[in-house]
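A short worksheet on the structure shown next.
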């Protein structure tokens, strides 16, 4: 009986969603891949097949590899900080603390402000508040704007990203904790497992599916950071904070090397795909089915 | 229980959104402040009583689009389009290039989507990139003869309509200088780099520690500052082009090319008296306008497009602002020390690929209307507040910065040279300039960066 | 007995400390938002010169920015467009993604595996890489741009992968197959089982996905800017374009405009939060 319904099931359940996805994401993506093999510059009427010349251009583009290295550093920091912070905040926010709804709403607000306004506000924080603070206290740490020093500008970028992404991840972790049955937590309490041990031996394994999702999301988002990069530092000071995605965009549209930019985007995609593939494989192994 | 939760949610929402409201209570009543410069935006009256322009009645009903990359005149252009439609029956839809998009990216994506704008306002580099591929040839238009010297030619043909002239230099606030020094200030008395340095030193002694504002943005450093080295080659666009070609094929050595060192001499002076000297890369663009208007500084390196910022900061049309040249050396006879760089920046291209013949004709009429009709002439200057590149336009801009540029152009105290550089020039070399500004590189390293940039462009 | 009191005191202290700690972190999270609220009431000059000053010390404080933003954005029209696009796309993607994810979880065949793998991989495609191909195909070839329906379709397509991914994880982890088998025995068809048994169980993840997707659609700028150019069709974020100039931006109005855009979505969040909290799954499994 099940077998007979398979085709109908597929058409009803899977097909509409798959159609949207393939039409909007996969087809343009494949077309984009094709474009990397041509000399099309985004404007010209003709496209000539030029093989892998654009990829040679990528290899020669030293800036791209520098930005990629920087992106790796950034990703490691952001992924770790976001997930640790979000996991524990979500844990606290599902333990029945007074006003936890209010807190949850608050932690979500970073998601409500996007784009240029977000960058603008944080620019103020780093170049004004901190500088004022530095003047008042005499602390060297805040003496000059963080955004004018390469290392500190990088840290600023990490801070803002953690601030923004963790708000999103808290939501997913909260949903995960809500999905755990209270029995599990209670049982753990009665058995005498307390605090840290309870967390490690009982909660963590059950939360692994949330962890997988959040790790994956932070990983991919951090790799593709663009908005915050553009609005907070725009690569400043002197191009030291330009991450891979921003470099790709600049290559394609500012430097007008559309094919090379497109090829760099493809390479970036492959790298992220490998890294997150490994991550998903590793964390999935630890998941427990409910 | 449920009711309780709903109530709580409502209270929460209110609390979050209106935190400020509850904090301030009754203060909201006093909205208008008579001293506030931002309060009244006066409308410049346009005299529409005389109109001798001959409209082509066949074009009535045509609908064309204009992509606008100069966001500050969006509203003005919409007004202009409205008046034009009333007169000609042609509807011009003004589309803005939105936040986060570069004009070029927008045009490219619009061409790819099959709906390019009939007209697009673009920078010169973009015009050249698109001209032969997409734009209609405008070489035989009537306005060509009125814009002598301000046309951009690509292989002998004109593909773009110059919308305005923009000039840049060292903006001064005269009254602040006079108040600080306690004596009259004549901008003409400053004719060389040493004069300028002397003036800065006098201001410093009189209590204004660092009288100069300079932006840290890469477009300012990489385009507006650095391009002087090409533009002052001989003060013409052809000369700038020649300089670039020579740098590319190494017949002009940057180390020994005088303008490079001279440019850096001036840059160093600005750097020395920079109000944000302790943290030059932490300077804030919006604050500079306020500092200049308030008299915290006396100079700001910028162009006449900065007027809206100054006006927001409290400067009025009757105030005394103007430009000093970007002094390059101590020779008072060098044109660079007496003339202001002013050239057409934003240009309009007409789509020659997808637009129908009627649409193209309607667009051409719109351009002609701007140049030849009494109303179009007025609106270009008064409503859009632009400096017209057309010799037949009798109207003068109202704000002091544009007026200064306008008068200098009229009295031959400006040089019209625009360097056509690759599109990423400002961002790549802007970064190199930032490094130099922050004292993290020296002249040798900066010159090397410029050298290797041009090396890659071959 | 004694130990008990001691324990409860310790517990109380810990919970007090957590609350205090939470409040501190909370303040840090709320800070920028608060900045927007405060500065939306100031004039540009005050925003630049004293962005952090308290409201009492500023003169010229007013709702003018809101009035200006409201008219310049053509708020009501843009609001209507935003609501139409967001609601339709959210409903569509929630339903289709839940169904697709359910199919993938319950049918362990090649198509499922391949689709799921592609979807996961697609989540890391940089949007910039498909931007130009996307408009070439939908504009240049199919001529479908400048319709709200196209935008809804694209929003649905772009958020499909992420939504399926989330539903997939949830269904796999929290929807026991035993319930469905019981339903089959009672004579339910596949679709009946899904809509009557499974879908209600998905409530927590649906609420989460609705808020995440709705927020993304509501605030998205880049995609709508590529698809819509007709003024009558602009969504809220697009309609704030006129506040940004080439060399300067009208910050007060931008912030007021931002708040006007954000308020509806905040209300949605607050309403849906209860759904997430109610934790339907725990009850159903018991």
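Each chain carries a letter (A, B and C) given by its place in the written order, and its residues are counted from 1.
We take it that a contact is a pair of C-beta atoms (placed from the backbone, for glycine too) under 8 Å apart; a residue touches a chain by one contact, two chains touch by 3 or more.
Predicted, not measured: the structure shown is a model, and the values here were computed from it.
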Handout entry: Chain contact graph, described as a line, ring, star, complete graph or other shape
Key = complete
Exercise for the section: Could you tell me between which two chains the number of C-beta pairs in contact is largest? Expected result: A-C
Handout entry: For subunit A paired with subunit C, centre-to-centre distance based on mean C-alpha positions, whole Å
Key = 15
Fill in the blank from the handout: Averaging C-alpha coordinates per chain, one finds the centres of subunit B and subunit C separated by a number of Å equal to 38
Completion exercise
Shared-interface residues of subunit C (touching two or more other chains) are 33, 132, 136, 221, 244, 251, 266, 270, 273
Exercise for the section: At least two other chains touched by the same residue of subunit B: list those residues. Expected result: 9, 12, 16, 99-100, 108, 112, 284
Handout entry: Residue list for subunit A, restricted to those that touch at least two other chains
Key = 42, 101, 105-106, 109, 115-116, 128
Problem - Sites on subunit C touched by subunit B in the complex - result: 33-34, 37-38, 40-41, 43-45, 48-49, 54-56, 59-64, 131-132, 135-136, 138-141, 143, 145-146, 221-222, 225-226, 229, 231, 238, 240-242, 244-248, 251, 259, 263, 266-267, 270-271, 273-274
Practice task
Using the touch rule from the top, collect the residues of subunit A that touch subunit C in their complex.
Solution key: 5-6, 8-10, 12-14, 16-18, 20-21, 23-29, 31-32, 35, 42, 89, 92-93, 97-99, 101, 103-118, 120-122, 124-125, 128-129, 163, 167-168, 171-172, 174-175, 178-179, 181-182, 209-210, 212-213, 216-217, 220, 223-224, 226, 245, 248-249, 252, 258, 262, 265-266, 268-269, 272-273, 276-277, 280, 287, 289-290
Exercise for the section: Mind listing the subunit B positions that touch subunit A in their complex? Expected result: 8-9, 12, 16, 99-100, 102, 104-105, 108, 111-112, 129-130, 133-134, 216, 218, 278-282, 284, 422-424, 427-428, 431-432, 434-435, 438, 440
Problem - subunit B-facing residues of subunit A, complex - result: 42-45, 101-102, 105-106, 109, 115-116, 127-128, 131, 144-145, 147-148, 230, 234-239, 250, 253-256
Problem - In the complex, subunit C residues that touch subunit A - result: 15, 18-19, 22, 25-26, 28-33, 35-36, 51-52, 93, 96-97, 99-100, 102-104, 107, 111-112, 115, 118-130, 132-134, 136-137, 153-154, 156-158, 160-162, 164-166, 169-170, 172-174, 176, 190-191, 194, 204-205, 208, 211-212, 215, 219, 221, 237, 244, 249, 251, 254-255, 258, 262, 265-266, 269-270, 273, 276-277, 279, 281-282, 285-286
